[in-house]
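Shared chain: chain A. Partners: chain B in the first complex, chain C in the second.
On to the complex of A and B.
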């Protein structure tokens, strides 16, 4: 099977190279058969890489330790699900998954568009296969997952125990679906620049692809956060680790892009900016892969230093140069069709939203590369940790929440005073009221208070929009409330799906604010029968236990949790000792969202830190994380909203029938 | 009852749903003050909390250098190495060392990268300030750009051939309607 996989990789590389050449030649010579051949090559690459991936998975399942990659990332006692997940547990396997996903996307794009976008397709196919060629070259010559060992190992090292978690099985593929998905709009943008088709065609064609990539990047980030929360045992979910940052940056610029394209679609403006944004997003996606693979920045996620760095750096610079040069070449034809009429307009709000997203992305980028720059310039290694990031990201994030509330409601072109009062008076009053209530109840943390006020403001703007829209449906179509609300959303899924996403993001902000501003922690060294408290919770150390399975020993402690004298839960924090790697890991126990009954107010997060076999003492660390569940709940709402936004429009409603409803909704002054 | 009548009267179900939405999203926020007010302590009779306030001044600044806990301070990290370092710091504090002196000894031993963030001094000040400068520049540039565009629009409008007020208004209304339509899709 390994030989088959190796052969498939080699053939995929040849097909990809042929695809690039034939697409380019076909376009230059206007030879449709050559173009078609390039498109077929994309399908062939996907098929061959599918076989290669299956070969490697089979090697894992059959414990084929004659392959270096299998021996490094698996062992005979590893559960089957983690043997499959080991495909992306190491460097070469994850690179193969990257290019496999890209090849599948390329095949889907070809099948979807080969008849619809004849002019753009050679450029699209060529770009996607060009990217594939780079990765296939790396797989073939620099980091081959089918590299054999001189002599087969009797047993493998096994997957890093920290990665043996269900979320780790799904988090990397989610991120890859996002990272790689960015390549599709990027390829269309490049094709549009090459072909000189600079209208909205590339944007409308890739709208769902953009949302798809954005969605999976976001879900991947959330899954990673949840994995860090339950697996790393430090009470948090985000540490501004360089690899975490690497996934956040393209998500931020992609979010800016998703907002900004609306201005191009509706007003023919920001063409250069949108092209820049998608180029930036793709470059950041490659930068993220570069950081993860090269080991130039130390991170809990990064693989050991490898020879991939210079290759990725060269590829990255090539992409930047080609894209920017093409953009400069087409600049004279990218003049904007319209102009902004007022600072108080939706166009302006979208631009401010974009600047804030880019400012946050730049801050994250700067914080990520600063240690390298410092070492290069001053010869001094420094670390950039959470306090540095929080100092800048928090105010920018708060400004972003404010714009999230303003953007969807302010009028296009020019907002009048009447429009502003009509749309914002209610939400401002509501936000202020929530702020006053929080203050009266004792919240004195200024940034947290401001965050709650702004979150309330945004929620009120959305609720007001839904209310007005539903009321107009009830008035115009005689529908009941629920029918009116449902039909309102279904008749404009993109808009109301977007609002749902905003609700989800606000919930995430509420969760971040609560858990970061009001976290409490206690460390206690206690013996069985003793107890300790944190916040309103009291924990009695009731019992200890130990067990083992075929690959690890488990030490556990039982904590009886009470709140206000009532027993609410039993928690069993554990410590795993993996025999193969001799690496201990903490398995936290949480009383929170996934407890029964669910606890939405706060998470009681407990860790068994250590034990003293002689003295009988155990060390526990407990965190109280207020509102943290809202981050995961918000994630679910974002998933729902994105699904609504990408649903196809079933039928267009005659414009006349809609206009009255819109006038009532007051979106436009 | 006509549909218009129904629209004029705020529907009670709508109010109820709005109230539910708010009630669903903010009770947890209202529970924060309680959490804030709750004391952070271990029960009487049980052993001590691990870190003193002075030790925490050190452990929140110094990173865990065990190699597996990147970007975690000694305070946050739960590995054995961090625990031993916390103990070491606690002992140094009890022995009369100041937090500043302990931090300095860590920096001398491991280099400046042992700090979770660089000191705000020398060239690192630029590193601290760059994000602010970039964000401020971006926002100012955008504002200037928007004002320039607005001025250009106003100039164009001033030089445009005057239309009869009624016609001009008709076109503006039409434009607004078209934008509304686009907003629907």
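On to the complex of A and C.
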């Protein structure tokens, strides 16, 4: 099996190289058969890599410890699901998964465009296969997952116990779907530059791809946060760790891109900027893959120190140079068709949105990259703490919420005083009222108060839009409220899907504000029968337990939780001691979103820290995380909203072209 | 229209570069330097300010504070060592002879009072690679 996989990788590399060459030659010689052959090569690469991945999975399932990669990431007792997930548990396997996903995307693009975009396609195929060639080269010569051991190992090391968690099966693939998905709009952008087709074609045809990549990056980031929260046991979900930052940066620039392309579609502005944004996003996504996979930063995420560094750096510089040179070459043909007339206009709101996203991305980039460069160039190790990130990103984020409320409602070109009053008087009053209520309830944290006010403002703008639209449908079509609301949303899915995503983001902001501004923690060293309290909760240490299985010893404690005197839940935080690795792991117990009944107000997060066998004392740590559940709930709303936004326009089948044009203008008008 | 555009680009550049300068300036203010145990011992200047020390947890040096939370231990590079007290609960990956980074400063008793502790858990294969490289800095940590 391993030989088969090895052979497939080699053949995939040859096919990819052929595909790049034939696409290029086919374009130069205007030879459509050669172009076609390049496209067929893309399908072949996907098939070959599919077989290679399957054969590696088979090797994992059959405990084939003659392969170094299998021996490092699996063992005989590992559950089957983690044997499969071990495919991306290490460096070479995850690079193979990366290029496999890319090749599947390339194959889909090729099949979708058999008859469309024929001028762009050689560039698209060539770019996608060019990227594949790099990764396949790395797999072949630098980090091969099918590398045999000199002598087969009797037993494998096994996947790190911290990784043996259901999120291991879904978090990395989600991020990869996103990282890799950026390659498709990037390839279309490069193809547009190469072919000189600089209208909106490359943007409109990749709209769903962009949203797809953006969606999976975002969902991957959220899953990572949730995983850290429930697994790592420090009470938080985000630590500005380099690997977290690496996934956030392309998400930020991609979000900016998704917004600013609307301005290009509607007004013919920001053409160069959009190209720059997608180039930046792709570079950041390669950078993210590199950081995660190379161990360049010592962080809890890094896998291993490796020889990938110089190769990735070369690849990265090549991409930047090629893209930027192409862009400069085409600059004379990228004239803007309009310009901003007033600071108070939707155009300028979109511009501020972009400036803010870029400023946030730059802050994250600087804080992530400076320590690497400092060590690499000066040999001085430095670190930067979360407080610095928060100091900058909180105010920029608050400004962003404000723009989220203003952007979708303010008039195009130049907003009149009347327009401003009509659209914003209500939401401003509502925001101020929410602020006053929070103040009366005792919120004195300035940034948190401001955040709640702005979140309320945004929600009010969206509610007002929905209400006005529904009311006019009720009046004109004589529909009831719910029918009116549904048909309103379905008639302009892109616009209202976008609003739903905004609602989800506001919920996430509320959760972040509550859990970071008002977190409490307490440590207690108590004996059975004693209790301790945090906020409104009181926890009675009722019982202890211990158990063993073939891998680990488990120590647990039972806490009976009361809130304001009422019993609400029983929590059982645990400590695992894995015999093989001698490593303890903390299993937290949470009274929160997934308790019954669900608790949306404030998570109670408990940890069993330690026990003292002689004295019989147990040490517990508890965190109170107000509003944190709203982050995960907001994630679900974002998922829903994105789905609404990408729904096909099945409601209006005739005059398809026309309706999609109306759609485009609808979302921004 | 052209002037408008130039004004716009200029304005954008001024805003972004001003912001960028502020960000970079404050960054340099809150940067913390990492030092080896030897550097820390050899430089009295470092001993008076907040800094980070990296090294290994000395064998048989970990003493749990009575009451369960907090530890005392010694961080060492083989030749030099510094006594450390850390008053919070230690992460699961903290163990004797494991890699550790502590942030804090020397207290009046000459003990390094850490307010931040990072522990790393090189797995078996990575450990070999790391010893072969002989470097602490880029050693792979436990994976996620």
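As a convention for this text, the second predicted complex is superposed on the first by the 643 of 669 C-alpha atoms of A that agree within 3 Å, B and C clash if a C-alpha of one lies under 4 Å from a C-alpha of the other, contacts with A are read in each partner's own complex, and residues count from 1 in each chain.
Just so we're on the same page, contacts are C-beta pairs under 8 Å (C-beta built on N, C-alpha and C of every residue); 3 or more make two chains touch, one makes a residue touch a chain.
What you see is a predicted model; the values in this text were computed from it and never measured.
Check the residue A:157 against both partner chains and state whether it touches chain B (first), chain C (second), both, or neither.
Only chain C; A:157 stays clear of chain B.
On the A-aligned overlay, A:532 touches which partner chain: chain B = first, chain C = second, or both, or neither?
A:532: touches chain B, not chain C.
Give one of first, second, both or neither to describe whether A:33 is in contact with chain B, with chain C, with both, or with none.
The answer is neither, since A:33 touches no partner chain.
A:564 in the overlay: touching chain B, chain C, both, or neither? Say first, second, both or neither.
In the superposition, A:564 contacts neither chain B nor chain C.
Name the contact category of A:523: first (chain B only), second (chain C only), both, or neither.
Both partners.
Name the chain, either chain B or chain C, that contacts more residues of chain A.
Comparing touch counts on chain A for chain B and chain C gives B.
Considering only the touch criterion stated at the top, classify A:550 as touching first (chain B), second (chain C), both, or neither.
Touch partners of A:550: none, neither chain B nor chain C.
Of the partners chain B and chain C, which touch A:339 in the superposed model: first, second, both, neither?
So A:339 meets both chain B and chain C here.
Of the two partner chains, chain B (first) and chain C (second), which one does A:475 touch, if any: first, second, both, or neither?
first
Touching chain B and also chain C: which chain A residues?
In the superposed arrangement, which is not itself an observed complex, chain A uses residues 233-234, 298-300, 339-341, 351, 355, 358-359, 362-363, 366-367, 370, 380-385, 387-388, 392, 523, 525, 584, 586, 607, 609-610, 617, 619, 621 for both chain B and chain C.
Would you mind writing out the residues of chain A in touch with chain B in their complex?
So the residues of chain A touching chain B come out as 233-236, 239-241, 265-266, 298-300, 339-343, 348, 351-352, 355-356, 358-359, 362-363, 366-367, 370-371, 373-374, 377-378, 380-388, 392, 396, 412-413, 434, 437-438, 441-443, 448, 452, 456, 459, 463, 467, 470-472, 474-478, 481-482, 491-492, 494-495, 507, 510, 514, 518, 520-526, 530-536, 538, 584, 586, 600-602, 607, 609-610, 617, 619, 621, 624, 626-627, 629-630, 649, 652, 655, 658-659, 662-664, 667-668.
For a test of understanding, state which residues of chain B touch chain A in their complex under the given definition.
Within the complex, chain B touches chain A at residues 3-4, 6-7, 10-11, 13-14, 17-18, 21-22, 25-43, 45-51, 63, 68-73, 76-78, 80, 83, 111-118, 123-124, 127-128, 130-132, 134-135, 138-139, 142-143, 146-147, 149-150, 152-153, 156, 175-177, 179-185.
Please name which positions on chain A make contact with chain C in the complex.
Of all residues in chain A, those touching chain C are 72, 89, 157, 160, 162-163, 227-228, 233-234, 243, 295-305, 336, 339-341, 351, 355, 358-359, 362-363, 366-367, 370, 375, 380-385, 387-388, 391-392, 523, 525, 581-586, 607, 609-612, 617-619, 621.
Which residues of chain C touch chain A once you look at their complex with the stated criterion?
1, 4-5, 8, 12, 15-16, 19-20, 23-24, 26-27, 30-35, 52, 54, 64, 67-69, 89, 91-93, 95, 103, 116, 120-121, 123-126, 129-130, 133, 137-144
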